[in-house]
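Shared between the two complexes below is chain A, which pairs with chain B and chain C, respectively.
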Partner chain A sequence: MTVLSVPFAGALRRPVRNRYVAGLLTWRGVSGLALVGLVALAGLLAPVLSGADPNAQGPEALAGPSGAHPLGTDDLGRDLLSRVLHGIGTDLTIILTAVPAGAVAGAALALLAGTSRAADLVVQRLFDLVLSFPGLILGLAVTAVLGPGRWPVVIVIALAEVPYFGRQLRAGVLVQREREYALAARVGGAGRARVLLRHVLPNAVDPLVVQGAVALSVGVFIEGALSFLGLGVRPPEPTLGSLISGAVAYLDTAPLLAAAPLGVTAALVLGFTLIAESLNRGVRG
Partner chain B sequence: MTGQVGAEVLRVRGLSVAFGGRAVVRGVDFALGAGESLGIVGESGSGKSTTALALLRMLPGGGEITGGSVELAGQDLAALPEPALRAVRGRRIAMIFQDPMSSLNPVLTVGRQLDEALRAHGGRRPRAERAARAVELLDLVGIPGAAERLGDFPHQFSGGQRQRIMIALALAHDAEVLVADEPTTALDPTVQRQILRLLARINRERGTALVVISHDLGVIAETCSRLLVMRDGEVLEQGPVQLLLTDPQHPYTQALLAAVPRLEAPSRAAANSTPGREPLLVVRGLAKHYGPRRRRTTALDSVDLELHPGETLGLVGESGSGKSTLARALVGVHAPSAGEVLLRGEPLGRAGARPDVQLVFQDPYSSLNPRLTVGQIVAEPLIAHRLGDRAQRRARVAQLLEQVGLEASAAERSPREFSGGQRQRIGIARALAPEPSVLVCDEPVSALDVSVQAQVIELLARLQRELGLAVLFIAHDLAVVRQVSHRIAVLHQGRIVESGPADRVVTAPEHPYTASLLAAVPTLPTTTGSLL
Partner chain C sequence: MRSFLLKRLPSGLVVLLAASFAVFLMLRLIPGDPATTLAGPDASPAAIAAIRARLGLDEPLAAQYLHWLGQVLTGDLGPSYAIGGQVSGLIGDGIAATAQLTLAALLLVVVLAVPVALLGASAGRRPWAGALRALTTGALAVPPFVTGVLLVGVFAVSLRLLPAGGYASLGDAPDLAVQYLALPALCLALPSAAILARYLQDGLERALAEDYVRTATALGVSRRRILWRHALPNALPSAVTVLGLQVGQLVAGAVVVERIFAWPGLGQLVEQGVQRRDYPVVQDLLLLVVAGYVTVQLLTDLAYSWLDPRVRAL
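And then the complex of A and B:
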């Protein structure tokens, strides 16, 4: 009876339905969206912004910025601007495939864990197993089996994210299914699956949205790391990670070669992190 | 009850508080003399707790004092800088809160927490002296074997003892004013009475001025000499408790008093509906144990009950008596360890297997899924039992909402948009959806304000009359239970210790436990104007 927030809850928090939107409409959310949006737009418009073929080699290797090559060329004379822009496209495709796949797989496993104690035990140990491998070892293991390429990168990122999504949702499920409305649904005659999917899941899903934004930034990292080690997308197709990797040898002579993809990567990670934080604040209200 | 009233210690003038520009306390005035006791009563949203917190400027985020003053011995606390105010908090004005479970730090021993309270405010006394003082404080609040218990952790104490420890902490610096915000709301009636007596004794013997905030007039009548009635952030009237409770001037105080269920009032159940002959629901030897065999705890121990159509059986018991376990066993959520539940002679299956027994919950906030609309919530049992198609369900939901006194258009809205009482109506509509013959109500009104309580009770009575429902009404408030029930059963430590006609159980209890429950009910003066 002395819950102070209750009398004002209706007055102050009216647009409850749009907590995500409300979170995104803060300075954090807007600057995050702007950063990610700008980078994504540049990636989408790659063919328009730069006429050069990203994989066409030219005679001028390691040239500085010029009219024909606004950011200069790399060691094989390829246009750097074009490679960075196309690299954005590759990166975004990979993480936007891998993160939702990881989220769905993690959520499915968490719901499975919610059905019985035995299933919970199995799923939990499965998560522990994946988490016990440092990300890079996991990447090495997967690529050792599948070989380097685009899909192994997607699989590594998805796999690395599964336990995080799964654990988040499992914790939410454990809390929400003890709430009285879940009990009310059972008394009303709803079966186990219906209680879980219709009542518990929608109330436990908030943290996953935030986790999703975090995972996108982690995805950029993992792609970069794998490409850096030469385990990522096969050359000559450009990715941000492989561009940085290739630039390391020329750090003192052509710093722009590393700086351009690094800047874009940093912008993406920062953008996703800002979005995650703004969503988090929005959801917590 | 009344302490020695000395010089004025606290004077509040025109105190106003706003949250995000919205005024929630407007121009509150009162004065408190040394050793005096003041009760502030009001329903939820009246601003009584906000007033208490504003005294020490401890308002939660977004709240600010927008006007007025709080003078402690002539010094305005509302204008004091924060560091100077910290020296007042806990030392000159101390507070105790509603929930003794969460107000103590679970990982520190009680002795350590008392020691920290004693060391605060620069009380540089030797360790041994502080320990002696801690024992003295625990002794004062009535913790048996105080010296041995300093090394114990909060979880090793009962709820009532924890509230006593909170009071001991508050008394560490001999504060001039003790503010108690709903000090007994989370406690059982018998424990409540002990705590109220303790507060009254401290007020009387130590001359500590006392401010008690409560929604319960009975609680204030037991501890305070003066009463202040609040509604919508304003003080409606104030004066001596005896006078205000017997001859209230303001219509709101009169209505509030009239809405409080009186233990002396006879049961109204017989006038409402006549129970059928044949028992509808029969519970035989129901038992529920938890934990492994060797260290098992018994929540229910061989419970026998009969419930007839059109009958209300009141089930009374304190926390831990097994009330909620019984409710959940009846609707099939808990599988009983032994015994059976028969409906019309047939065993009742698992939860939701049959729509005949439905449950109404205590907490109207957590029992409605916030992600669904009211219409979806009420339709859930219909979908689960495959009753009707989409159009039929919609019509049934509209009918149910009107039946519980809401508009059919409520179906499109979110449960968040409704007040506590309206939410409880939604919960009742949901329970009625699959046309049950038995309604199990687990503390259906204890989270509601008294005026709303009366409306929900009226609704349940009307539904019973119209639908011939059998109702198991579980509650801890004996006055409410007597009012609504044909028969009362008393549950104590998992056993039914007494059962019988409602009026008989209240007026002539046979079991000593029932008698102690009855004795613990705070009483209000009844005769209007007799003191004048």
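And then the complex of A and C:
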């Protein structure tokens, strides 16, 4: 009797706290959340924090910090603080549209691959194909067709993330559907689709959460890189990438012009990376 | 070894063929006709038709695709539409510059990552182990365009030690070329070096936790010898796979780095081709990058099987 009750008692004593929450409540997770939260908050409160229109040109070009312009102005006399804050908003809306879209598309393809061997083969080659255009080369190819702009940037980020989400989920599905509970569900009379969606999928999504945090930082990187190549969001709308690329020419005369967006970008990407690491450690236990 | 290669080759070729098809179709989807662009705003319909015929754009798509594939296979890529000159000449110049940059970066990746990983793995729980982790996280988290601008700001603008941008061929003026190479190569290498250091350190730590290491320690083998002779060979194969994947990232990253440092490589050529609607240049270049990527994957698998005899037996 006592022998039988031991594993049961162990199961009862399982920590109630979610593993993701446990991962995030480490120093890595907290500092990551704080960095991203701070930057996001600044972006959200852009109209409150700075009254200036980010695209309004003024007479004082490349002016230093002053009462009217707390961070000074850029080469066209636009308020730098306002441009940085609105740039955060643009970047965040782009990556928060693109990353979920990429995740859903990747997951859908991975589930499709789980239905038959033929589908699996096609989907795998499809992932290989996208991956064989490393990073920005894919961006160049897509913007070659669609031209520069906001939506092409979203599409490039989403497309670049599809194979990463897809491969992770496919690997998880392959492992999980051989487990006893999946077999039990099949024996219990559940159809293939139900087993895949209701039983296998919820147990295979763990890696996707970590991948999501990584993808957000990659999104900031791709947006900036495309802006650098003149293929990103069209001016005058500010993005973090276009602010940095516009500041390069004035590095020696107005270093603040580069420093402000550089600091914000670094904080954002570092924050996402720390969150991804803490989630990864939490999931691994 | 040969059977291993034979097994890997077909899937690489499938990817290559699919990529050629994707690249070809993608460029045909571009709004706007290159013949109209080329002929200029005031050209007569007859002149545009003549240009279309000369470029082979009046043929059916399937015929155009096969014609292009034939050109690629024979190595005669024909003239570019807008940039001027033969495509193969343009690509050749670009490759020379980009190869210098990526090879220098690759060398830096290994030179930076291996000592950091060895140091980190031998640090155990000492305080500077955490500092090393923080360093690699930092290098990993900052995008190349951010490091690039920072490097220019510090070394070129403030300290005036190195040029902010430009290019010299290693063959003509080695001392100048090294100065021009230093900043872009470092900028390109940092994120990849951080990733490699991470993987190698994880591999080393896992190897150091194995039973054979305990046995070796019990037999009185020195820590250094265990690290170099026992842990490193076991951690190396997966690190080589990561390095192979990073080569693709280096080539892709080179596009941005070339832009920051005014480096006349493949990245600038693709960018020009895209912006000026030069079909032949863009499609040949994209295919070349994919081919390079597939080749590196193949070489990586080969290196893996050479380092890890267990894979060869499969």
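Everything that follows uses one rule, which is that the second predicted complex is superposed on the first by the 270 of 285 C-alpha atoms of A that agree within 3 Å, B and C clash if a C-alpha of one lies under 4 Å from a C-alpha of the other, contacts with A are read in each partner's own complex, and residues count from 1 in each chain.
In this section, a contact is a pair of C-beta atoms (placed from the backbone, for glycine too) under 8 Å apart; a residue touches a chain by one contact, two chains touch by 3 or more.
Just so we're clear, the structure is a prediction, and the values are computed from it rather than from any experiment.
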Specify the partner with more touching residues on chain A, choosing between chain B and chain C.
C
First (chain B), second (chain C), both or neither touched by A:137:
second
Considering only the touch criterion stated at the top, classify A:145 as touching first (chain B), second (chain C), both, or neither.
second
Pick one for A:203: touches chain B only (first), chain C only (second), both, or neither.
first
Which chain A residues contact chain B in one complex and chain C in the other?
none
Within their complex, chain A touches chain C through residues 125, 128-129, 132-137, 140-141, 143-145, 147, 217, 220-221, 224-225, 228-231, 241, 244-245, 247-248, 251-252, 255, 258, 262, 265-266, 269-270, 272-274, 277
Taking the complex as given, what residues does chain B use to touch chain A?
19-20, 22, 24, 44-45, 49-50, 53, 60, 62, 97-98, 181-182, 185, 213, 215, 328, 331-333, 351-353, 355, 358-359, 361-363, 366-371, 380-381, 383-385, 414, 416-417, 427, 430, 433-434, 447, 449
Using the touch definition up top, name the residues of chain A that touch chain B in the complex.
1-12, 16-17, 179-191, 194, 199, 202-203
Report the residues of chain C in contact with chain A in the complex, numbered from low to high.
11, 14-15, 18-19, 22-23, 26-27, 29-31, 137-138, 140-146, 149-150, 152-153, 157, 248-249, 251-253, 255-256, 259-260, 270-271, 273-275, 282, 286, 289-290, 293-294
